[in-house]
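In the two assemblies presented below, chain A is common to both, partnered first by chain B and then by chain C.
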Partner chain A sequence: MATEAHGEEGGLVFHPMDQFIIKPLFGDGPVGLFTITNATLWMALTVLAVMALMVLGTSKRTTIPGRMQSVGELAYGFIYKMVEDVAGKDAVGFFPYIMTLFMFIVFANFLGLLPMSFTTTSHFAVTVLLALMVFFTVTIVGFVKNGSAFLGLFWVKSAPLALRPILAVIEIISYFVRPVSHSIRLAGNLMAGHAVIKVFAGFAAIAAVSPISVVAITAMYGLEVLVAFIQAYVFTILTCVYLKDALHPSH
Partner chain B sequence: MATETLGETTSTCVVDGSAVGMPQLCFDWWPNQIFWLLVTLAVIFFFLSRVALPRIASVLAERQGSITNDLAAAEDLKARALEAEEAYNKALAEARIEAQKIIAEAKAEIQADLDAATAKADAEIAAKLAESEKKIAETRAGAMESVQGVAKDTAAELVAAMGTKADARTITAAVNARMKG
Partner chain C sequence: MEGELAHIGAGLAAIGSGAAAIGVGNVAGNFLSGALRNPSAAAGQTATLFIGIAFAEALGIFSFLVALLLMFAV
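And then the complex of A and B:
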């Protein structure tokens, strides 16, 4: 997130989207399937951070937890309770999966806030895959657990009979829009925040404006810290809500 | 944006080191990201589900267990404390009753002693009183007799002095009659 020094003309040149470019870490080749890129690096760092908190942090297994262990336990309790409360008691089997989603997103978001870093979750490739995984999991679980009764999700029994076909169409559309909104919400929030910070940073090239620019970046950064957590939370809780639909399709 | 010529980075999405449009929509990069994301998620899922989550669950269960045990122990101790208090109260009440008993006994004993002493003193006083009364009566009788004698003698002398002679019986009768009146 350093200030951009592009453009030798000296004028204001903004490249707020350059921070999202995927490039190979070693050499200048094309980005192939297995190329180690900056995205790979930051995903690996995310894995390391999750491991540090959840595996190393809890390695002492003390009854009276230390700092790391209590944060780990806090995360565990937070997600476990969310799964239990939102998706129901029979959804705790999905807890490791939902925990994986949450830990990955929250750590990717926060690592993305480090200066000069790359935000993996600001890419649609990442969030679309996450959202599609949730979508297919929910759909498959819904049909496996409930059979054709899962289609009752679209047939609103509490509505008047005449309205039900119309509602069914709306419900089906909203069901298929879920992965779209689910993924774009996360990537869009992060991308927008990072791009805005970049734009403010571009303004810092003008000496007169730079103090305001610094203040604005600071304010945006504070907001982004909130967004980083809230979007991870929203993604996770929506997953729980969708899962609840799959397990208990009746309205 | 710029024309889509192939730059050094051999991607249509980057021209002269700058992004063309949204890099998020550059589908050249999607397979790579998806591949590495799957790897990442698999690794996180593996370690969380195999190591971290069971461990935290066991730690939490252990803690819950020890809290329950401690609470039970505290409950037990509290019950014992209550028991002890009860026993103490009981002992106190018993001691109080005992003390009451001892006090009553002592009081009765003292009363008995006191009664005996009083009776003895009363008897002594009564004896002394009787003796004194007897002495007083004797003295009084003696005095009466002597008064009678003196009165007879005086009467006899007076009669003699007046020149007449009176017999003793008349004088005695007269004196007795006077002393009665």
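And then the complex of A and C:
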């Protein structure tokens, strides 16, 4: 995206989508499958930050938790309660997976808010992979746990018989569209928010509107802090909802 | 010419995000009016609120997807 030449027709000093370009970290060579890029760097930093909070922060295991341990315990309790409430008591076995998803996404979103950083979750390549992993997990778990009864998810028993084939088509479409909306919701929200900040930053070059632009950047940044958390929360809670469908297909 | 038409189509697809905004506002507003009537039951329903918002938003995301496809894939 945003690879074509700009500057002549746009008038902006920089293109708002420039921040999402993937560049190699060392040298200027082409980006191959194993090139270390800025995306690699920020994903590694995300994993390191999660490990710093969850492993180092809780390693002392004090009875009266310190700051790091409190945050770690808060995150653990928050996700554990969500899995138990939304997906059911028997879904607790999937808690480590859901916790990993949440911590990775929330840290990637917040690290992306640092100035000059790179938002890995604004790329469809990252979020589509996360969503497809959830999709395949849910489908495989559904068939392993329920066998062919899992297909009852598409055959709505509470509807009148004449409506059921039509509903089955709609249900099947909505089932296969899940990974699409699941992934694009996260990437789209992050990408749009960061692009809006950059658009306002572009206006700061014009002296007449620069005070408004600085205020707008600040306000958008505040909104983005909220969005960064809410999108991670929504991604996790939808994972729990899909998991509940797989474990209890008859509703 | 076709490139320009694709850009117009992408702009038209952005109307869909406005429609999604109406939907999300509907969900949140109805949640709030229900929550103010019975505040003690509201805390347990925040998960339902976010699920409802997510589903309402999904259709706005499809219009965003159409816009992206028109901008970069057509």
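Operating definition for what follows: the second predicted complex is superposed on the first by the 237 of 251 C-alpha atoms of A that agree within 3 Å, B and C clash if a C-alpha of one lies under 4 Å from a C-alpha of the other, contacts with A are read in each partner's own complex, and residues count from 1 in each chain.
Here is the rule we use: a contact is a pair of C-beta atoms (placed from the backbone, for glycine too) under 8 Å apart; a residue touches a chain by one contact, two chains touch by 3 or more.
Since the structure is predicted, the reported quantities are computational estimates derived from the model, not experimental observations.
**Student:** Figure out whether A:V214 sits in contact with chain B (first) or chain C (second), or with both, or with neither.
**Tutor:** Neither partner.
**Student:** Residues of chain A touched: more by chain B or chain C?
**Tutor:** Comparing chain B with chain C, the partner touching more chain A residues is B.
**Student:** Identify the partner contact of A:I21: answer first if only chain B is touched, second if only chain C is, both if each is, neither if none is.
**Tutor:** Only chain B; A:I21 stays clear of chain C.
**Student:** Give one of first, second, both or neither to describe whether A:A49 is in contact with chain B, with chain C, with both, or with none.
**Tutor:** neither
**Student:** Mind working out whether A:M82 is in touch with chain B, chain C, both or neither, as first, second, both or neither?
**Tutor:** second
**Student:** Examine A:P96 and indicate which partner it touches, taking first as chain B and second as chain C; both and neither are also allowed.
**Tutor:** After superposing on A, A:P96 lies in contact with chain B but is clear of chain C.
**Student:** Regarding the shared-chain residue A:I237, is it in contact with chain B (first), chain C (second), both, or neither?
**Tutor:** Once the two structures are laid over each other on A, A:I237 reaches chain C alone.
**Student:** Once chain A of both complexes is superposed, is A:S181 in touch with chain B (first), chain C (second), both, or neither?
**Tutor:** In the superposition, A:S181 contacts chain C only.
**Student:** Going by the contact definition given at the top, which residues of chain A touch chain B in one complex and chain C in the other?
**Tutor:** none
**Student:** Name, in rising order, each residue of chain A that touches chain C in their complex.
**Tutor:** Touching chain C from chain A are residues 1, 82, 85-86, 180-181, 184-185, 188, 192, 230, 233-234, 237-238, 241.
**Student:** Could you list, by residue number, the parts of chain A that touch chain B in their complex?
**Tutor:** 6, 15, 17-18, 20-23, 28-35, 37, 39-40, 43-44, 46-47, 50-51, 54-55, 58, 61-63, 65, 69, 72-73, 76-77, 95-97, 99-100, 103-104, 120, 122-126, 129-130, 187, 191
**Student:** Applying the document's contact rule, which stretches of chain B touch chain A when the two form their complex?
**Tutor:** 8-11, 13-14, 17-19, 21-26, 28-41, 43-45, 47-49, 51-53, 55-60, 62-63, 66
**Student:** What part of chain C is in contact with chain A in the complex they form?
**Tutor:** Interface residues on chain C, with respect to chain A: 47, 50-51, 53-54, 57-58, 61-62, 64-65, 72.
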